[in-house]
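In what comes next, chain A is part of two complexes: it sits with chain B in the first one and with chain C in the second one.
The block that comes next holds the complex of A and B.
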């Protein structure tokens, strides 16, 4: 739009960085920009990016978002949120094209949460040098949203909606920053929905500090436009006796990478991560996790399921790190992949790095097609092939969302997975 | 924490005990000057009386090597290696044809004695004429002994040649069977495969060559014995085993080195080729000097081992017991090309003191119906670190391929680390891959149970560790299985925790 001819030739990282060059920048931001211009983007030779290729980055010219049409946002909400009474009653925060849409965000009236909006990007958990997508967020991000749940507050469930709309002049990019802090004994459950249309790139970074004996549940639904790119980084720090539970369903995006870093800093805390990647066409989705057990007596468990059809490509890189001090750790990691097409590809790397001896750590990985015996069992009882197949796929994924505590979230996630919703008898 | 004082006492006991094979043989050596350049490669090639094509092959590898950098991805740490500070050729000076054991250089003889090689084989190794006809009660094992850079002797050549089996030092094979060597050398591990294989291809000095013709079952176990003796040398041996259609061979490899303060480099390349219905069993008991209790000295063992199952129903089985070396970097792999071919990997890796091991396997499934089994047992004690790193890759044509992987780690003491890094890649929906890994310590209940029945703590640990490794040890040939069990016991002596 406003670019002169020389600048418009810029593509990839340099077109992104040119957006912030020469502006008044904070020292963190300057450092991030310097790191990015020096190191560039990682290639597949970098161990952490072995299975995920960022070459698409340079094929695009990145542009700034233009203000979104609130009509569009309203239409989306009318279709996806308002018809569901449970969902529409929740305090919500709507962010479209990187902007908070205040007229639809009811979270500001909610007395349980304190919201602060600050200019610039702040954070304490991300590692600038190592996590390239966090560095990018620091470099380009404009503001930080800080959400605090004060001591003892039971904040219930809130809804976040991130919408993205593509633009014609290039690849529009959003770099949200959200920091959530739960103080002692606080409780919060978040449902996050990602949706949109057209081609765009989202690069959110979220930091969550769960205080002593606090309880946090994070249900994330990634249903972004099938032309979009998504690289999200999440950092969690747990204090003693804290509970963190995350459920992630990844269906949208042409390209997505979810990095999850969980640091267990307090004794007797508990972290759980359940994810389903359901991919089709030429989708590429990557989940990379690092669970760091730094203190004794903690538990963690990870469960990632992939269902891959067509030419989709699923990646899971999970790591459990157990520090020498973290005796009596109990860590479990499970990765399962169901390949439903001959062109689909799965790459998984479940990794254990253990320096303490009195621990119970295990991981398992399986890759395969549907079990023919099970199919036969169902078909022998008169169930047609396609239905039998669906029953088995349902059974495979249903388990992942079985443990969601929040009933509203549970229903939503089940619907999104196409799992039949059965009312709990109890 | 549970009884720290007892643990500490146990840890103290666990310090690496005296390395039995740490002696040095005082023997006249023929050495090339330090450093690596084209002239050294020409010198090695000339000493080995190699044909022109071999020199060209080496030089090509050398030029590739110059463009490469050492791999950084393994979880091992060591100071940078100065590749110019090494002797690339060292050979004991050999007198021609001694008539009896008395005429043999007594030092060389004593070395074999200390290494526990049977008398008859000792005589043959030292080149005593007519030694092969001497009789004793040992089961026959054909041995090729590699002392620093050269193969000093190969036993039972005649018996083997009657069966049509070629078993000789590779330098001899280059001269005598150039067609076979030309065809297969570098066909599994190309010169430029990785940094250390390129280095090996440029400067390799000796190793074994085995060819089993069609339909032959090798009449005895073949064995190579490697020893690094001279100071500041690197050992670069190259082994090439070809099993033609419907043949069977079992091959053993053992290694030791003297105790020194500096680190020494061992970068070998092993290539196995199995044709239709052939079976190669390759067993290693690796016991290089691991360094002293402060982590000083020891061998850097950077080895590339790879097998190609070229024909249908070919089978390759790698079995390894890794107890030595300061650093081990080794991934015996199988390329399963032939339809229905089978790859197996059985490994026990024990690290103690300051040892570091990054070892595992790669199973590349290309053909239909191929299957692989991986069984890796890792035991870490002292301040050591061990990593299992394995790759299972299913390519689109590998219909109905199958893999099963099990990695178990045992930690003894709280100063050590055990890591598992499996890579699983599948491009095929008809395959089945399973991977399991666990990490734990020796359970107090098991220890208590054994001790209550009158075993000392050390015996109890030995028993439990042997039980832990049993699935792998039972894959070893008989002669090695006993040795390996003792080796495990010695490596962990006093490491009870």
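The block that comes next holds the complex of A and C.
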């Protein structure tokens, strides 16, 4: 790993690490700090970071969050959650600037979920040595939120809200750690909203263990401030007959990288990942996935759609690994990009690594502009250019959210994508 | 006479940036005037420029007008965008209508109707009024209401696509329609239904330009004039009897005379 020449005590990684160095730390945390101090951040010469540049780190002095003004949080909720009956009635957890805002969090009263908050960062799925943002989370994180859905419990839908507020003294950073465990036959659907204002950096790590025959749906909306930096790492482990479905909409952030690692450890399980990156201006958004099929008879599919305007830059690196034992695997991956300007850019890198011989794996990537003949057809029917264009963009992304099971999430995601919620008028 | 459409010395090229010769002239001086209320037909050999003429008139971006003028209802048609042309009353029924995956047909139709109504200063139709209207028309065209629920032209048979075109034409109430081989690929029943759809629009305020290779459609729709387009120009104009003559003789003699 290349070491960035970052010697100044005041900026970049060292300003972040200075927060925790020399404090009473656990062995994992110490290890993480040591790893980061030695290796530094990866440069673009590291294969996995070829398309995403972390040099912005060095332009900032990282600072600790100050306690958040709950008035601000209330205002956000009043605007974005409370007016929507479907959403406001959900048990919710509100975290602002890394701090749980208990007065607005109703999840603690929800008997379907067991919540445990521990000091320090714990986990078992995240790869401390390999994934730099996970290492960072271990190094700086302060506490672990553990959510357990016990055997057979149908926990319905819950809402997570992560808010970030920039500070004047430097780049404030938040390093949440959330571990979710669904035991046998349990069910949970999570809607996660990320929002905020100003400049900040979020570095959450989430681990999800989906037990035998359990069912988890994770609908994440990254709508963070357009000045913010967001790097989220997600680890999922599936037991037999488990179902995991994720929908990710990435439209906020100046810079984002979402890493998704799914280990399929139990037979007859199913993982689905659908994402839409809708970017404009100079936004950079990266989705990097590794789906590991480790046992036979499992299915996975990944569909990532990009709609890129202005000088935005989308990245999708998707890897499917099929272990020698994982016969009868059915894995599908698709990446599509709609480039709406000459200066928008997409980098897509599909990777298949297959050691079993009786599997069905496919991947495909398409990049293109809007179809001129389709656009002309709509305009020839009297529909003005901008509206015609929106209809086609709408059609391109609509499919991605069509399969969301949770009706509340579906409505929210559609609205956020600007997908016209088309009622069936017939 | 009150002309709806006046084409004078129209020259147009197709733009293909990937070709060595990126501008290829297709129309080489077309002159054509169509009065209100009349039905004109264009026939002609393959590659003579019939579809190009229909695309140029409706404003397809792949074609460039290099010379000449087109006046539509007294206005310069060539400066208008395709949607403005539609709002002014021009309609093109496509030879090969595109498919729009992910776009619901009923919603598309309503958006189109309300776009032109808005541009014409008419009141937009709410879903209830619109559905009533579209269901009535669909029935006349033997168009199953299932096709309203599906995505635009996706999985439609050739005949269903053409009926969808005629449905759009009827809904948009154009004053001038170009039908580009709307009859091709239709079975006898579908042809009759499409012909009835076109005939039902006939009025002193409605004119049409029908591009066809076949006599069959003309048996249903009695045209006022038939023009022969060859090598990018109109080389001959005659009455309705001309189509039978062409069917018997082919284009050879007329094209030969024009070359001479």
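Everything below uses one rule, namely that the second predicted complex is superposed on the first by the 412 of 426 C-alpha atoms of A that agree within 3 Å, B and C clash if a C-alpha of one lies under 4 Å from a C-alpha of the other, contacts with A are read in each partner's own complex, and residues count from 1 in each chain.
Going forward, a contact is a pair of C-beta atoms (placed from the backbone, for glycine too) under 8 Å apart; a residue touches a chain by one contact, two chains touch by 3 or more.
Just so it is clear, the structure is predicted and the values come from calculations on it, not from any experiment.
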item: First (chain B), second (chain C), both or neither touched by A:395; value: second
item: Which of chain B and chain C A:252 touches, first, second, both or neither; value: neither
item: Which superposed partner A:363 touches (first chain B, second chain C, both, neither); value: first
item: First, second, both or neither for A:355, with chain B first and chain C second; value: first
item: Touch count on chain A, higher of chain B and chain C; value: B
item: Which of chain B and chain C A:382 touches, first, second, both or neither; value: second
item: Overlap of the chain B and chain C footprints on chain A, listed as residue numbers; value: none
item: Residues of chain A defined as touching chain C within the complex; value: 371-374, 376-385, 387-388, 391-392, 394-396, 398-399, 422-426
item: List of chain B residues in touch with chain A within their complex; value: 1-2, 73, 394, 396, 409, 411-441, 497
item: Residues of chain C touching chain A in the complex; value: 58-62, 81-83, 85-87, 91-92, 94, 97-98, 100-104, 106-108, 110-113, 115-116, 119, 127, 130-131, 145, 148-149, 168, 172
item: Complex interface listing, chain A residues touching chain B; value: 47, 51, 324, 327, 337, 339-369
